[in-house]
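Here it is, the structure in full.
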């Protein structure tokens, strides 16, 4: 963090960090760790499995450390720093294995890459690990595009999809560009825009239960613009947004649904048509 | 303890141990995107000002009083507020007398308090000089003074401004540097970039909010 | 004016007001339309991303430089202004600031004040203070005038009456000014112009805000489109400018990028119609302009924000309003829901220092942390990061010495307990896997109602098997680990 400040005194007036330089991507590694995320673990496990399959298809061996749980984001965004730090510390110890860590969720990857620094500010020992993890963390679509440099044959039938990107991931890591690039590689997939595409779906973690009125209005607008987009379905690389959007669509008795990007991609490239396990 | 010392002390305590940040002002960021070849400056200023409902005319140095008379006649106006002690005021006065214009010339030659009612309600138009223009934003620069007071460019529904083409600068930064603004500013310096306007109701743009409803710029070709 | 309770005094908490606003279709349409248009205008005003980002960085550094020398610059400003004949006053609280303003008016035996737009005077609730003392204090910005006529507060810092449509304005002018009703916006503006011009002429004192106070030259810079700011600072015999102590910049040239950032971020304009640089009162030989110019420098919690290097960044703000224009929450609930002078994202991070978290306990939570505000902020205030920080201060045990005024406003032992359990769950792998096992095995027992979540969603049902389970099986088959 030292580059953020002109002088390191605790009272120094802060300036905005330098604009991030474009990330340098490594060559495709033989082995990676998958951090599944707690939401995928419990609610969208198939998406996690599809992420593993996609990586294996690229000839990469995937490790899934059994002791992983949550990145700590819910407590962090709720202001419970000590609790978030304890959980983050556990993941850090676990994931610090010298392997790339692939995360099928933009906001959790962003937690590793951006917010762990704030969480452990002042703890030099931990910050060293944080920097290593930050270097090694890749959001799934980013990893597929820039590290695996995938080149796929689309085995699915023609379809139109709308893409939704988690706001923090979009702003912290440009994940919308990576996901677009992946979708654009699929010859039978037409990507359609939806109204106010870059606007938040209203999830925001605990925001959705602390401010249900506002969050509800946001997700209603989001789902309605998705339905009106003419897409056959929505895809997203973020479990939180997916839970929010699908839960709202279901409540509104809309037939339209969203799907995790990993599952959508696996279906297109494997030719397997899977029914969602309800 | 006074409010002043309390505030300053708290601020100083907040800065304890820290050093002031250096002045790393990068002037390229405010100049390079806003540079134009001389022949494009007038066009840019004109385009930007016309986009905000300003009338811009190019005139020759000796002809502009005639243009002014024409502008006023077309609008059926009764009077024109001017500054007789300025160079352009003298030129206008001479033209008015020699051509026996019917439109009354009002000289701003006494304190506002002496004729507030007239100034606020009965002046149809005014004419002022400018100290220059800014191509980047389509702006006029005015430095009102004893001879050409502040309210001249504000109260009348029509404001006519004279702008010398040679005094149009690329951007505000260049204007400030060229005329060394930081070494001394007048009581009131103004940038004017169109007639007064508001979009406070439903974002509908309406001209003539509190200041002039119309702004006419006469660009005097002098180079 | 009628004795209606100002909106800021309305009872009900943030969530209640939000719910009311969300149910008001007219209000939501007014805001959505206006904010969409303002977002488009801003985007069009910054066609070159490289130029925009370079300018934002410069803006950020200029403000940081000014803050890093703030006490010195304030003293320099005072010296220069005094040399120029401007009288400088300091106020720690809004009460003090009001007393100062009232004192000046009283000394001049004034009874009529006309005001240009000033958010600091809104902080002070100056109109009410002066009205109680028999002084008419009238807003002259068209939007401000409209909300004042209706005994309301601005709902947006740049577009105060954005929540009203033309029919509502027409009705207001009819009821208060006896004007015939009209749907023509131009006619409504003509009415405002006519009514207020009389007030400008008769005013004893003009009050304005300040956009930038330049220490180098002792200059107050004001931007506006209507001409009411120039009227208020030129026509009456006395001009009183009120501003926050954070508005000072070091050098005249510093305002060049800040001005460009301000007008383009706020309204998508390359520049406002008027940029008014005031460096002193009327000189003896001059024929107009105020005989006296005063500057009131207000603290009102700013030194509190300044004391914390992270929260100090809130003082970068140049009050452009872009963060609210781009905020999905503000767009839906409008400015009045916040119940304070500064709404939207910037309001959430500056208000606690002014009024304390006890008064705005829900503000830090009223954000999905989507980051749109920080992305557009012309001076790069990390708004989401600061909201996050406020959340921390908000839930602290008051004994833990919170660093923000009234920190610990949302301290809750039971919530802390829940997060403690969450921590246990997520740091003890066996416990976590036991939880997964239970949640997936007993998924059918998921209640149909799950707190506020099921207000907007069906209940989330866990999958049949967790990823932990699926991955273990799959990787065993693959011979993985």
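Order of writing sets the chain letters: A, B and C. Residues in each chain are counted from 1.
Everything below uses one rule, namely that a contact is a pair of C-beta atoms (placed from the backbone, for glycine too) under 8 Å apart; a residue touches a chain by one contact, two chains touch by 3 or more.
As the structure is a prediction and not an experimental result, all values here were calculated from the model.
S.K.: Quick one: label the inter-chain contact graph as line, ring, star, complete or other.
M.R.: complete
S.K.: Of the other chains, whose C-alpha centre is the longest way from the centre of chain B?
M.R.: A
S.K.: In terms of CA centres, which chain lies closest to the overall middle?
M.R.: If one averages C-alpha positions chain by chain, the most central is C.
S.K.: Consider the two chain pairs A-C and A-B; indicate the one with the greater count of contacting C-beta pairs.
M.R.: Here the pair linked by more C-beta pairs in contact is A-C.
S.K.: If you average the CA atoms of chain A and of chain C, how many Å lie between those two points?
M.R.: Measuring from centre to centre gives 32 Å for this pair.
S.K.: Could you give the separation in Å between the centres of chain A and chain B, each centre being the mean of its C-alpha atoms?
M.R.: A distance of 53 Å separates the two centres.
S.K.: Can you list the chain B residues in contact with two or more other chains?
M.R.: Correct list: 14-15, 18-19, 21-22.
S.K.: I need the residues of chain C touching at least two other chains; which ones are they?
M.R.: Residues 61, 64-65, 68, 309, 312.
S.K.: So which stretches of chain A touch two or more other chains?
M.R.: Residues 6, 10-13, 15 of chain A touch two or more partner chains.
S.K.: Taking the complex as given, what residues does chain C use to touch chain A?
M.R.: Of all residues in chain C, those touching chain A are 15, 18-19, 22, 53, 56-57, 60-61, 64-65, 67-68, 309-310, 312-313, 328-329, 332-333, 362, 364-372, 374-375, 380, 382, 385, 388, 390-396, 416, 419-420, 422-423, 425-427, 429, 432-433, 436, 439-440, 451-458, 460-472, 474-475, 478, 480-481.
S.K.: Okay, in this complex, where on chain B does chain A touch?
M.R.: 14-19, 21-22
S.K.: Which part of chain B faces chain C closely enough to touch in the complex?
M.R.: Those residues of chain B that touch chain C are 2-4, 6-8, 10-15, 18-27, 29-30, 33, 48, 52, 108-112, 116-117, 120-121, 136-139, 145-146, 149-151, 154, 171-173, 176-177, 181-182, 184-204, 206, 208-212.
S.K.: Considering only the defined contacts, which chain A positions touch chain B in the complex?
M.R.: 6-7, 9-13, 15
S.K.: Mind listing the chain A positions that touch chain C in their complex?
M.R.: Interface residues on the chain A side: 6, 10-16, 19, 34, 36, 38, 40-46, 48-49, 52, 56, 61-64, 66-67, 69-70, 72, 74-81, 83, 86-87, 89-90, 118, 167-168, 171-172, 198-200, 202-221, 243-244, 247-248, 250-251, 277-278.
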